[in-house]
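Listed below are the structures to be examined.
Look at the two complexes coming up: chain A is in both, with chain B in one and chain C in the other.
What follows is the complex of A and B.
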């Protein structure tokens, strides 16, 4: 703050000197005739070594204060490089909000990232301004403009004068980029820790593999939905990769691994596993009974409806061509039919699960204790796990490639600090002004006080 | 002669002399003030933040680079420096050489620094020319290395250079900071795998002949890992073009050109001479090398009185996904 004061003080002194000297010349002008006045101006030595030196020193001092003052202000331009930006959207299609660039969360993050001391979020936020680089008009539709570039300005206040301005703006833009990535871009969070297979039942391992491949498939189908024609560096598409994962799931996990365990009744802890399945079967059987009762109730309710009632649910309506027809709407009777069908499906599915579990119980009860088989399954499990991880890596890599291609670096930031040329221009102008003030002072002294 | 001059001319000469001396005096006084201010300012280091994008960075990663400390101190036992590094919460710390003036005399200084840094985050140390000169009896250029090991181009074995063990390395390793001599270290940080590779012989004449295999292993093995290449001198990047040096390259050595003049830039480096950036030298800041960022630190040395407009710096690099 003191530099700003001193800078202004120098300008004030020079300005006052200029004005006072000009006023003196104006008031004393009447004391001389035109020829004498012209003589004064003519005989004045405009190259005055003393004054040039004085001017030089004053300009240097002013330059120092000016430099420190300019250092307190810095601005950055944030450019949004992804295609959705031209529609004022974030990369995930939500509405873009430039105010988020200096929101509390971003400022907080900047303070944390830079380990900035003695400054609060509010104090720092008060020093920041954000605005679109190009602003259109609102009067006419042709004047509308969606800016994809935003300027963030930082002007240090007395609370933040101890901070390096350039670092502050770098931290703000960096924190905003992190905030944006966290909230609006794709994430590749597929990877998970490897579970301890030694403590898991083989069929549970198979279920785990199913879950993992399914999450990879979901990720790939999701990416394919965004862009199914995207080809990676390895000439694969999301769909082709998903096809390979699906094939692997069907052949390696279901046909080979699961069938091998089932055929040979391979189990680590036979009793515990069979108990677990039996208990599970009891629960499923309860569900089956409950669903069966619900199915019967729906059928009874349908029987209770009179035929007359079903006829009145036809309502007149018209089609897209504007022609009338009688439409059937879903009323009570339809709803009950749909419910009955779904309960019937549940019952079937419960029965199938019970049968599958019974098969498992039968196979596992006759469990194979051959340690060679256990070893083979362990090896198969490890190999399948490695393959799944390989697919996972490929999927993540493809996703990253796509994201990188789509996001085009997402956000680009350019920081603009002090311009040396601007600073020099200011100094030259100040020097001319200061010299003019000094010369006016010299000239004013030559005018007589009285006639 | 003076007697032939008119009084007005004499007066003008006097004024011109006064003006010339006055200007010289003011310029000298200004220069002295600038040097003094810089010298006082250089007692403290500043932080330079860089943002780097790498699609391999699933979550934000912070790397702190310390370089060219030359046994200087910031507070007792560098407490000020260490405290600041700790406050900035790095995920990886990399020292890019010349942390000491002599690896034999200042080994304890380096070990103490290494011990403190390694408590904050996984830390790495790459030798600079100062360490190399005091550890090895010969310069690490191709000719001297070949002569020392009795190699020819046909039977050159780059592992021989690494077999030379030194007590400095042992002290640092004991302190918990990993010394990278033409080798990489792989670490898991924030669910990301990061490979850090350090070049021992950053002399361009011996780089390919004595580092090629290890460097290619670093670059081409596990290409999904985030690759950081740390070298003391930036000359290999000036001399050779290569399609991929790493996702991030870190260097030091140049001291940022010692004096930096507005508009002109860095004034001098030992190897690049005057205005080294004008002749394509990599002197200070961020450069683009094969599409990836190279950061040349101006270092933390603070005793050079000519270090003007070039405050010692602690480099903080934030790596983000985009």
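What follows is the complex of A and C.
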């Protein structure tokens, strides 16, 4: 604040000196004739050692304050390095919005990261400006341009003058990078804390494991679809990792763990569990009845569809490859048949669920109460859980490796401080101005006050 | 009068012209800058092929003006924290949407229309612009445009692509006075609806994963299924087994009413089904009679059709099919109502069931048998309430994740259906430097024109008021004006004043007539001009045969020589040789003590010497 004031004060003093000297010359001009005036200008010593020294000292003082003022302004360039950036998209396919670089969330994060004191989000945000480094136009197609490099400028205000400018811009860009990675790069949601298996039925634990492994598989298959040939540092591909997880799910969870529980009828609360399955069967049976009725009705509708109304017309058609084939018009029974098939599938699925539950009820009812078996299952559950977590970590590591490979760190940041050349340019201009003002003052003194 | 000399006029007012033009240009620059607007523009393109038919992906009319709808803009205002600062309408009025038509397709359309064929083409590329005032700045324009399109992309996807939302219908369900059974049924139905929506999403994009939540739709479906399979069914089972209810009588009444309603709607459905069957028969009979059913399997259409005609998604159901579907639907709702009644009966039986422990007391009581005689009832009910609260909490968290994932999916789908061809660029509505330059030149031309007019007018005024018409020299009034203007100024070195007076002019006028006197004056005028030649001199005829010459950049000796030449020329004259002319000449030059015009003139008068020209 003080440096800004002093810097401006120096410029003001020199400016006033310049104007006053010019005014004196103007008003005293009438006291001399043209020849005398010309003589004054001709005889003035334009290279005066004392003036040069004075000018040098003033310029140095100005330079010091100017340097401190310039230090308050810095800028950074943020480049988007991923392929979707050229379509004005984030790496997750959503629309890219440049304004997010200095959004409240990012500024908040920067303040938090740098533990910046005595500054609010709004005050800091007001000091920041963001704009594309290169912008296109909309007049003609050749002018179209998708910006992938953005400049962030920081100009300290009176509220933020106590902060180190370079540090602020570093914090902002770093906070934005984190914000971007959090919001727009590949992410695999980790399961929340480990559930309390002691309170869960064993078959529910199996279902939980099934769900968790499916989640990992879904992530891996998704990544494999993006790039199935990507090889991690551990020489695995997404598909090979998915294969291992799938194999584990089938053998360890579905065969070993589930079968062991089923065949031994291991249950924590037999009565409650059997009640639950029985009730579930009752509900599924209502669904089965509804699906069965819908299936029957579709069949009846097909039966009552008049034979005369089933006439079809052949339509000569060519496909997208340019090949000819004979299409036929559809009639209602086509759709009814498809519908009947799906209802039939639902009925089968309902019946299978009831049968599975009945099997469970039978096995659990005749179950073994041996506490040793419970201990074995608990140990198995813990081991499987640990393995699943291991797969989860491996999957996330592979995913992050891929993201880093694909997006080249997503965004790159370069920070630009004060340019020495710019500073020198300002100093040279100031020195010329100051010397001109001093010289004008010297000349003005040579003009007589009165005729 | 002086000659018409453009440069002379301009030169005279040049400093004023320059100062005025610079000041006026600055004012214009300031005005242009302050009234200038920043226009941020972005080019967007609807990728869906239906867009070129003017349709949205759902088949609805594509209305691009939705970009500046109040629904979008109010969200932008909220998002940017501009509530109370800007009104939605004021921002809407600053958005402009310009279509960019594909020239080839327009030509194709014209050609097809000329041939009488139908061809629908609507532009699918648009320039969206937002104008900000100079006070608001370029950044404001860019940010508003960015935010507007962000919100629009999301809304477009929500409205036309990803239409089915996964709403949380069970929020605060425990705060309302629902019975346990009703709550569980609502939860079950809610999960069922959510699962249907999630499966639709999985069909559309099975590997889509939100970067914000880190989950995919299939994982969400698995989570909902797991909760339904484990916790929902466990709670159902406990509620049934322990006959847990807040009010048995109300619960039984509810389910009895459901059975009654089903019975009534079934009776109504029976009537409708009968009517539909009658209609079906009548329809077939009429079609048969009209010969429309006589199509054989050999019938082949004449025209060749492209595959896309077959792929056209639209309602191709014929009336007969609609009748058949109507029959099936009504029958289905009837049969499902029967099953639903059976379910209601099951619920009623369950809650009316007597375990035998109460000794038949429950039949006439408002409490269930378990509530009456099972000691565990209170603790189980508490357990159910806690579990229900935990389930609702878990479901709410899951719904929040689903909403977030869905919102991000909307943005993703929005960005895939609408692409950005050129990101936001900001331009000024007026090129201030160019217009300022044009204004400067215009002002210079205008001022020069003004200077010429003023100069020429000055010449005319000079000629009328300050010129002696006999000699065409400046007159006495001019001399007075000159002396007044020089009152406060010092004369430059080299200023020489010279006076020439015809001393015997009165005598000449009297003896030879006034005309002769005038001719003598003209003769003097001629010789004086001839003698001074190209020197920088102003000539004044002060009346009564008195001439004043004000020479600049000269000196006494030069003027004295000029006067000597004048006298010589006068003595050698051809005309009026018979008339004796007496005259006086006074010359004065500036020096240290007499630097003012009046002093110099007095000096010249003082220095007058008499001469005579008598041939």
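The working rule: the second predicted complex is superposed on the first by the 267 of 451 C-alpha atoms of A that agree within 3 Å, B and C clash if a C-alpha of one lies under 4 Å from a C-alpha of the other, contacts with A are read in each partner's own complex, and residues count from 1 in each chain.
The definition used in the following text is that a residue touches a chain if its C-beta (ideal position, glycine included) is under 8 Å from a C-beta of that chain, and two chains touch if they have at least 3 such contacts.
Note that this is a predicted model, so its numbers are computed, not measured.
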Contacts of A:275 with chain B and chain C, given as first, second, both or neither: second
Chain B versus chain C as contact partner of A:46, first or second or both or neither: neither
Touching partner for A:336 - first (chain B), second (chain C), both, neither: second
Which of chain B and chain C A:27 touches, first, second, both or neither: neither
Touching partner for A:35 - first (chain B), second (chain C), both, neither: second
Which superposed partner A:185 touches (first chain B, second chain C, both, neither): both
Partner contacting more residues of chain A (chain B vs chain C): C
Partner chain in contact with A:115 - chain B first, chain C second, else both or neither: first
Common interface positions of chain A, toward chain B and toward chain C: 185, 187-189
Interfacial residue positions of chain B with respect to chain A in the complex: 15-16, 18-19, 22-23, 26, 30, 46-49, 51, 53, 55-56, 58, 60, 62, 84, 87-89, 191, 224, 262-263, 318, 320-322
Residues on chain A engaged by chain C in the complex (per definition of touch): 30-31, 33-35, 87-89, 91-99, 129-132, 135-138, 143-147, 182-190, 200-201, 204, 207-208, 211, 214-215, 218-219, 221-222, 225, 272, 275-276, 278-280, 282-283, 286, 289-290, 293-294, 297-298, 300-301, 304-306, 308-309, 311-320, 324, 326-327, 330-332, 335-336, 451
Chain A partner contacts - residues on chain C that touch it in the complex: 41-43, 127, 129, 138-139, 142-143, 146-147, 149-150, 153, 207-216, 218-219, 222-223, 225-226, 229-230, 233-234, 236-238, 240-241, 280, 284, 287-288, 293, 295-297, 299-301, 303-307, 309-310, 316-318, 320-321, 324-325, 327-328, 331-332, 335-336, 339, 342-343, 346, 408, 411-412, 414-416, 419-427, 488-493, 595
Contact set on chain A toward chain B in their complex: 49-50, 52-53, 56-57, 60, 113-115, 164, 167, 170-171, 173-174, 177-178, 181, 185, 187-189, 191, 393, 397, 400-401, 403-404, 407, 409-411, 413, 420-421
